[in-house]
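Structures given as structure tokens follow.
Next come two complexes built around chain A: one with chain B, the other with chain C.
Showing the complex of A and B:
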């Protein structure tokens, strides 16, 4: 019967072209949507690796002030640390987590080169962000005078640079001032939950010599806006003419995450409309088809098809048409993993393919069932009736 | 072979009620060739449909081969049609998107059969109606007479005991019509029980028995 139906479809291929094209497009769109959703979901399952709750980022923009900047920054951070409401504070650069600023650099180990985010900071960074140290240690006072510049890597950076080897003590790059790995932390997803794991490296800046441009502050839970206002007023008085800008990491995280979720949501809504359109289209074409084929239905019933056999035939025809559309779609879809378009993992593409396949078949079946069951209700004697 | 007892068929639409068959009692023994005549709209097609299990009578009993079929399920009726009955229609009812051979194979698709055996049987049936040289053609490439011969091949491919033909020569000229009748007579010679609706007295005379209908009733 399958071969018979395939011949029937093949001989009507021109009339089926539109349906096949609709199925093809729907399949590809679903494939895209599922790839995106699965990719985001897979990333989301990887924890950030740090705490953003009750954490503030303060930008220390000195404006037109040029006098004794390093001293003023140290005074400011000293003042911040003196509040009982503050648990910890750390000086860093403006590329605080979830901010719009990034800083990166190429790192090299025995011919392996990676591009890594670089965070310049001090001794208290892991305390403020509640970062777990998996191997080795964070920076300590003695690092300020060591010959090697110490560096702490996140797991992703260590993995890409050293593979399975122990990262501790490894020396990166050459030249007069190379880095030595002193510690490894877990994840550090500074761009939000929906981004993949990226390498990150932390370097120590001497607060007495380096002019830091931002401060991360961990406050006690339940700290009020009144405290925020009081602190900002105190700091403003200390740094006349500076432009101090405070942001909540929790808010910044939200907007960062929206960069991933909003397009996905818009895509999903558009897909929804598209699929609804396709579904209605298929439904209409099937209904029309079945009316045009009343003769054939009557004939097949006369020749031995049961009512359910007719339903099955029409559903099977749609399944075969879908198989053709999907087969063509597959040719396009497999290019994504093969050519590494968008750089998503192959596992995501594979899962998305199967989900798209299942959804398109569900959609087609739902659209085909009603018209096909109507076809079965056509009385053979009436269908064959001729005046 | 076919036995109709007190058959009545009423068609009801919202406005009118048509008594298409009125108390039909009829027995067609195995191997008989019966022709059915009557003016247009007198119920000939309806009678054939009832005999062919395509339509349920409003009243009365239909027996095929001694089996009373009024309680048969749709599936069982379909199987009975497939195995015992071959249909031939005035307007051929070929599927235009399938080749001659594929058209002839259709009845075999509704029973357990292999592709090879279907092919063999369809070729055999086409040979019988003299169309083995047109197997790969499509219906649109055939003349009316050839189309009807394809339809006959399709009707006999499953080797049914009964052939029901509703004005099989109605759309054909007299030469082609005569050809078709000859094929049917030949099939009857080989044992088929045939009921044929016709408007042609001469053709009817060549069959074993003539049944005349008028307004749903049997008048002779």
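Showing the complex of A and C:
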């Protein structure tokens, strides 16, 4: 049966070539769309690892002021902590979560090198962001005087550096300032939910020496803009000539996530229209083709073929065409995981391939069913009479 | 003859409404997407409010500093002091505006926080960027001399801070705990124009602008206009000469700098230099071309496919014409014209759809203050796209039709 159908297709190869090309391109478009959606979905399922609700980021930009900056920064955070509306506050650098700023460094352990985000923080960071410590501990006062500089890693960084080994107590790098791992936290996705897990490392900045340039503040739920205005006014009076920029983590998260969702949405809408277009086109072409093959159908019917047999023949023909198109498409599609064209995991590509396959077959079947059932209704007498 | 072809095309369109619908749907949707993209690209890089002189302007947006081995690199906007001394005195430039990038401030009104984009500019900025003043006037040299605390605000800020649309000129506004007198209100600028978009425009002498910083690494950029389009080249060269003449290595902002680059560039180059290091413009246009190709590919195959399947309907007509001596080229020409006509019909519908989509985008506030329009260049591109689309999707089926053997065709008819 299949062999016979293949012969039928081969006899009309010119015309079928275009249908195959159309299916091939649609398959690739679907493959791209599903890869993107699945990749984002897979990332989204991994939690952020910290809390952003009711959390503010205050950037402390001293501008042209250069006098006693460290003292002023400490005064500012002291003032912030003194408000009853503030639950906790922590000094950090300008690479606060969801901000545009990043800071990273190469970390090395026994020949394994990774590039990791680095966050300079103080003792209260996990309290402000509600970070869960899985192993070990966060920084404490005694760390300020220890010989090794303490570092807290997130799970991803620990996994990439040490594999299955226990990260606690391991010493990173060499030279004057080696780091010792004192704790491990869970996820820390500072670029938003749709980004993959990235390594992150936290280091302790000494409040008396380190020049912090931002402050994370957790406020009580239901705090109003009236408090915010009062706080900013107080702080503005303490830091004359500084630029104090306050942003809500919740808003920043939203705009970070939009960087991932908006292009995906636009892509999906365009793909939707393209496929609708293809579906209509295939439907039209099949309809016309079947009209052209009335005599063939009539003859088969006269020789005893059942109506379902006719329907099955046309649907099977379409499936075969689709198989050819998809087979060619696969040659292109498998290049993506093999050549690592985009940095997506192979599992995403595999799942996308199957989904694309299933949807292209669904699409083709839907387009083929109606014209084929019309074909099955052809009466042998009329068809043969026309001939 | 042309009129005849179009008449036939019209009749064919009306004969099988379902197929006409499929054809027009494909054309309309494809062209709509392409036109919306064209309009968006034009919005990003064309001459639009308030940067209406973009085609004869150059932008100095960054300086790149590297150490001796080019291992550590930093890229940043520049200081006001440097730009004011060297860029403002460019002889080949007509007007030179200096303004900062990306600064924010807060204002509070009725218990609400208003987040503001703030701009610190020199008076010539107002001549390079032609803002619409809804009321009041821009600041001038006298305000700079007296170090006045004055501000020009956007219509959006006027609404948020003062409420309603009443005049705000002369009133006082408190921004970041400092009080300023409003001297003008301008129509807002979309955030896609980062050099001119803002809510509050101050003279550069106000306290927080940091304009006294020495060295190179700062927060300011330059928009300079030339008298003519061709005049841009002279500014680019003059500025390049200034940068070349700076003695290196130099000490700047805690770094020993051996290599320093800064260029005056037309807007598109300047904007693209944020994303790609080299050859930004050719890369940008090839990416656009590729995108258009991908979007055009499927509908074109689809349409070619459909057109070929519909050959049969027309075979009797073709064979009779051929039997009476019409050459293949005439038949080919007829079907190309027919397809281009259909594409144009689709194009007209697409134009209407594009207007609807653009209005929706404009009203959605997706890009605040954005006014996406179909202007002349976009319209021209759209028409060209229509004709191209009709041509591509028509030429292959027409070629197949024109080569149909007369005897076969007559029999099939």
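Throughout what follows, the second predicted complex is superposed on the first by the 385 of 387 C-alpha atoms of A that agree within 3 Å, B and C clash if a C-alpha of one lies under 4 Å from a C-alpha of the other, contacts with A are read in each partner's own complex, and residues count from 1 in each chain.
Keep in mind that, in the parts below, a residue touches a chain if its C-beta (ideal position, glycine included) is under 8 Å from a C-beta of that chain, and two chains touch if they have at least 3 such contacts.
As the structure is a computational prediction, the values presented were derived from the model and not from experiment.
Of the two partner chains placed by superposition, A:320 touches none, neither chain B nor chain C. In the superposed model, A:307 lies in contact with chain B only, and not with chain C.
Comparing chain B with chain C, more residues of chain A are touched by C.
Contact with neither chain B nor chain C is seen for A:168 once the two complexes are overlaid on the shared chain.
Within the superposed three-chain model, A:381 lies in touch with chain B and out of touch with chain C [touch as defined at top].
Within the superposed three-chain model, A:351 lies out of touch with both chain B and chain C [touch as defined at top]. When the shared chain is aligned, chain C comes close enough to touch A:228, but chain B does not.
When the two complexes are overlaid on their common chain A, residue A:63 makes contact with chain C while staying clear of chain B. No residue of chain A lies in contact with both chain B in one complex and chain C in the other. Contact residues on chain A toward chain B in their complex (touch as defined above): 1, 3-4, 7-8, 11-12, 295-296, 298-309, 379-381, 384-386. Those residues of chain B that touch chain A in the shared complex are 45-46, 49, 52, 54-55, 74-75, 77-79, 81-83, 87, 89-91, 93, 95, 97-99, 102, 105-107, 109-111, 115, 154, 158. Touching chain A in their complex are the following residues of chain C: 18-19, 21-22, 25-26, 29-30, 33, 103-106, 108, 111-113, 115, 176-177, 207-208, 210, 212-213, 295, 297-299, 301-306, 308-310, 312. For chain A in complex with chain C, the residues that touch the partner chain are 15, 18-19, 21-22, 25-26, 29, 63-64, 224-226, 228-229, 232-233, 236-237, 241-247, 270, 273-274, 276-278, 280-281, 283-285, 288-289, 292.
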